[in-house]
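The first chain written gets the first letter, and so on, giving A, B, C and D; residue counts start at 1 in each chain.
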Amino acid sequence: MIRVLLFAYIKERLGKEEIVLNEQQMTVRQLRERLEQEYHLQAASSFMIAINEEFATDDDIVCAGDVVALIPPVSGG
Amino acid sequence: MIRVLLFAYIKERLGKEEIVLNEQQMTVRQLRERLEQEYHLQAASSFMIAINEEFATDDDIVCAGDVVALIPPVSGG
Amino acid sequence: MFAIVREPIHVGSVIEAVADRHAGAIVTFLGTVRELTNGKKTVYLQYEAYESMAQKKLEQIGQEIVARFPQAKVAIVHRIGRLDIADIAVAIAVSTPHRADAYEANRYAIERIKEIVPIWKKEYWEDGEMWIGNQKETVRYDHGAPKEEEI
Amino acid sequence: MFAIVREPIHVGSVIEAVADRHAGAIVTFLGTVRELTNGKKTVYLQYEAYESMAQKKLEQIGQEIVARFPQAKVAIVHRIGRLDIADIAVAIAVSTPHRADAYEANRYAIERIKEIVPIWKKEYWEDGEMWIGNQKETVRYDHGAPKEEEI
């Protein structure tokens, strides 16, 4: 089970704070594809992905128990 | 009569806060020469001179009633 | 001091956190809520953060600065929640022995915040709202409810 | 706010003086008394000013900044008298709509202060003292009283 945290406009648009994926292991790339298909997040390729609070690349592996976050372009400061 | 205000190490070295010159009119250049001769201020050429709180050049004229200040290299901030 | 807070930022505390006998310069940056952006009037802002990660990323920025300026001390506090015009959203204080480093390190901190710290700003105007960083998501009230276009 | 003061500088007031609905950035510079300069330990400093002219020159610097950055607001306060380690000698606050200008204008202000504002600093060490800006005037106590060399 992989938790995917949502923030900002993604959270608003999907109307929830997280998604739970029933997966044991997948690459970040696979996770992006899954989100695009299942949640119609077509802009998912422009998000950064964090695994356990560190930015990840598309080839990184997400395992069950990891906390993933979708990070749309930030605008703090 | 021209008042000449002294600051920082010049004030300390001469042991006074101002000098009074009995002149009706002189150029800044003449004033520098006078200070060098009379007060042994050999470094006077490295000071800035202010007339009535504005920096002056050597060709500017100082008149009786003006307040002159010797401004050694500043070190505020 | 690296923190994400919901209450008004106390600038004095941020500055005190970097005070140092070896410091000759303390440069502070305050990011404040500006009323006009591209001629458009902001009513208020809402900041949201991935708080635990944002905190870590602020600490990381501090470490990056110290790696480059070993005598620097850094403090960064970012506020989230609703902010009104002229409120302080972020305060960055950097102290160093000499001033050039303090300016440079401080500027570095704000640029990095805008790159890597998971904080998002939503602007509210009189006639709409928008999540900044994603211009496509503009919602104009006068055009009715948000469309169901895909994101 | 442009002032020469003898009491501790209240940084909050200097920052408040530049707060503005149109400001998105406030950059503040604090010049603090550093313990070590070129490896030499300062015990305290004494600042002296040609006060009326210094005040005018601070105002002039503010005008120079506004001429270049018309939306900038500037406040500068310089303290004189005796200052101890970590005391604030000068506080400069600049607000502008966008941050690049605030950093640049603030840096300009401190560089100009060091050029045109008639303020002088005397450093006191354990074994001597010196008016800064004129290295020749060093007085070392262990060499006895100042010599009567010409200045």
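Criterion: a contact is a pair of C-beta atoms (placed from the backbone, for glycine too) under 8 Å apart; a residue touches a chain by one contact, two chains touch by 3 or more.
The chain lineup, named per UniProt: A, B = Molybdopterin synthase sulfur carrier subunit; C, D = Molybdopterin synthase catalytic subunit.
Fair warning: this is a prediction, and the values are worked out from it, not measured in the lab.
Novice: Could you give the fewest steps needed to travel from chain A to chain C through chains in contact?
Specialist: Contact-graph shortest path, chain A to chain C, evaluates to 1.
Novice: If every chain is reduced to the average of its C-alpha atoms, which one ends up farthest from chain D?
Specialist: A
Novice: Which integer distance in Å separates the CA centroid of chain B from that of chain D?
Specialist: Using C-alpha averages as centres, the distance is 24 Å.
Novice: Approximately how many whole Å separate the CA-defined centres of chain A and chain D?
Specialist: Whole-Å distance between the two chain centres: 50.
Novice: Taking the mean of the CA coordinates per chain, how far is chain C from chain D in Å?
Specialist: 28
Novice: Could you tell me the distance, in whole angstrom, between the mean C-alpha positions of chain A and chain B?
Specialist: Each chain's C-alpha centroid was found; their separation is 72 Å.
Novice: Going by the contact rule already set, what residues in chain D reach two or more other chains?
Specialist: 31, 110
Novice: Using the contact rule from the top, write out all pairs of chains that touch.
Specialist: By the stated definition, chains touch in these pairs: A-C, B-D, C-D.
Novice: Could you pull out which chain C residues touch chain A in their complex?
Specialist: Against chain A, chain C makes touches at 31, 47-50, 52-54, 56, 78, 89-90, 110, 113-122, 131-134, 136-137, 146, 150-151.
Novice: Which residues, counting only chain B, touch chain D once they are in their complex?
Specialist: Counting only chain B, the residues touching chain D are 5, 7-10, 12-13, 40-43, 50, 53, 55, 69, 71-77.
Novice: Residues of chain C touching chain D in their complex?
Specialist: By the definition above, chain C touches chain D via 11-12, 15, 19-36, 85-86, 95, 97, 99, 102-103, 106-107, 110.
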